Amino acid sequence: MKTPEEIVKQMMKGDHFSRWMGLEIVDIKKGFCKAKCVIKKEMLNGFSILHGGITFSLSDSVLAFAANSYGYKCVSIETSITHLRPVFENETLTILSEEIHRGRSIGVYSVKIYNEKNILVSNFKGTVSISKDIW
Amino acid sequence: MKTPEEIVKQMMKGDHFSRWMGLEIVDIKKGFCKAKCVIKKEMLNGFSILHGGITFSLSDSVLAFAANSYGYKCVSIETSITHLRPVFENETLTILSEEIHRGRSIGVYSVKIYNEKNILVSNFKGTVSISKDIW
Amino acid sequence: MKTPEEIVKQMMKGDHFSRWMGLEIVDIKKGFCKAKCVIKKEMLNGFSILHGGITFSLSDSVLAFAANSYGYKCVSIETSITHLRPVFENETLTILSEEIHRGRSIGVYSVKIYNEKNILVSNFKGTVSISKDIW
Amino acid sequence: MKTPEEIVKQMMKGDHFSRWMGLEIVDIKKGFCKAKCVIKKEMLNGFSILHGGITFSLSDSVLAFAANSYGYKCVSIETSITHLRPVFENETLTILSEEIHRGRSIGVYSVKIYNEKNILVSNFKGTVSISKDIW
């Protein structure tokens, strides 16, 4: 079985969108991932703040890395996000996953994003289906 | 009060991320929006299919256009998405919003995305807070 | 394979809580269920309106009937509800399911509840896992 | 301003459904609530396990107590639950709330339910609207 680092490296290679966002892995362990991202102009919405889709995408990628790090391929079934504070251009965000549940076929993960002042800006929850396919 | 077309035009102007995605408005009415998008390579994830964050972002933008078209500024509070089928590079997606509820302070919208074969690929639900600020 | 009516009859037999709520099936077809319920005092919360857990439970039961009516046992994975209007004692509610997606292993259902004036009081979404076990 | 204990006592008085479920408050502080409940036969569903609506209702009540304990009336806007393990008759459940975010107008709470073996059986997330009405 590959290590979490090897799996994430392989995933990132083909993950054009995470690379476009500039998502940078800081720490990866089985069921856990910490990452960083700097907000650029192309990520803003019509209110001149970070588009909610980017906050979601960062959370979804970090969820995928945490869930797949055991070596079994996982796809998300249902995900939800609550936006708590606006995020602005040039801010550096920290994205942190937490494993709530890991069963045989279903996993549940919480992903929180913090700004530079360590204030929570979004709260994400994802349910994944765990397959028997190995990375 | 501005028309839905004027509001969406103004929103799109500053919405760098929707413009990066190539989101194209097909129809806009109070509480309703229909849009299109062609999937490009930068939108793929580590499984070589469309990143779930793009499906979410397309839905979230279309929700924002539909909800803001009445002339009052709306921000989404809580949003969730279920991914039903994989989407591949070069596919053209159609994004359709439906208004479930429009109260004084809360609105609920459902956004569905269809592929070229008219098959549902994702189901999104969003709850927005309606402010008294006018566009 | 049993008919939808036979399956729901069998499910209802052991479903003590749906029976306690007084949930009454009006119509059942594959993937569809319509039901009614009269709100009683034991269902109210500390604001003297219907407890959100009852609105949820009615939706969850109707989802279960609609999803299981094909003959394969289904369990819900992830469910969410938005409460739109308060409901009062003695009101009769109509609960209606709609099938959003039915794949091989995952089904998605929307359940809406209307009051006597035909006003939407809640909007529920449920994702179920479809097993190979037959009723 | 009333104390959290006084508010919850007042809420429980009119909360017929929480009383029917036998929900018992173990600890209450601003933004936090811990409670217990013994599962009875009337709470089971057609699979002879605890109806998902009861797990939801217990979480929703504990959310309401935690959110209202500051003294300002709060109503839930959007709530979701993931069911992780079946619960059986006569089990004693522990319900624990955690405050994720408390802003001026929006609060986000996570509620987890554990069985007697301290295993997580459900994971609930609720977003509430905070009014200016005082208890």
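Per-chain residue numbering starts at 1, and chain names A, B, C and D are given in the order in which the chains are listed.
By definition in this document, a residue touches a chain if its C-beta (ideal position, glycine included) is under 8 Å from a C-beta of that chain, and two chains touch if they have at least 3 such contacts.
What you see is a predicted model; the values in this text were computed from it and never measured.
Colleague: More C-beta contacts across A-C or across A-D?
Modeller: A-D
Colleague: Averaging only over C-alpha atoms, locate the centres of chain A and chain B and give their separation in whole Å.
Modeller: Computed from C-alpha means, the inter-chain centre distance equals 21 Å.
Colleague: Between chain A and chain C, what distance separates the C-alpha centroids? Give it in angstrom.
Modeller: 33
Colleague: From the mean C-alpha coordinate of chain A to that of chain D, what's the distance rounded to whole Å?
Modeller: Their C-alpha centroids are separated by 28 Å.
Colleague: Multi-chain contacts in chain B: which residues touch at least two other chains?
Modeller: 77-78, 80, 82, 106, 127
Colleague: For the protein chains shown, what form does their contact graph take: line, ring, star, complete or other?
Modeller: complete
Colleague: For the complex, which residues does chain D have touching chain A?
Modeller: 80, 82, 84, 100-101, 103, 106, 108, 110, 120, 123, 125, 127
Colleague: Sort out for me which residues of chain C touch chain A in the complex.
Modeller: Counting only chain C, the residues touching chain A are 77-78, 80, 105-106, 127, 129.
Colleague: In their shared complex, at which residues does chain B touch chain A?
Modeller: It is residues 10-18, 20, 41-48, 51-54, 56-58, 60-61, 64, 75-83 of chain B that touch chain A.
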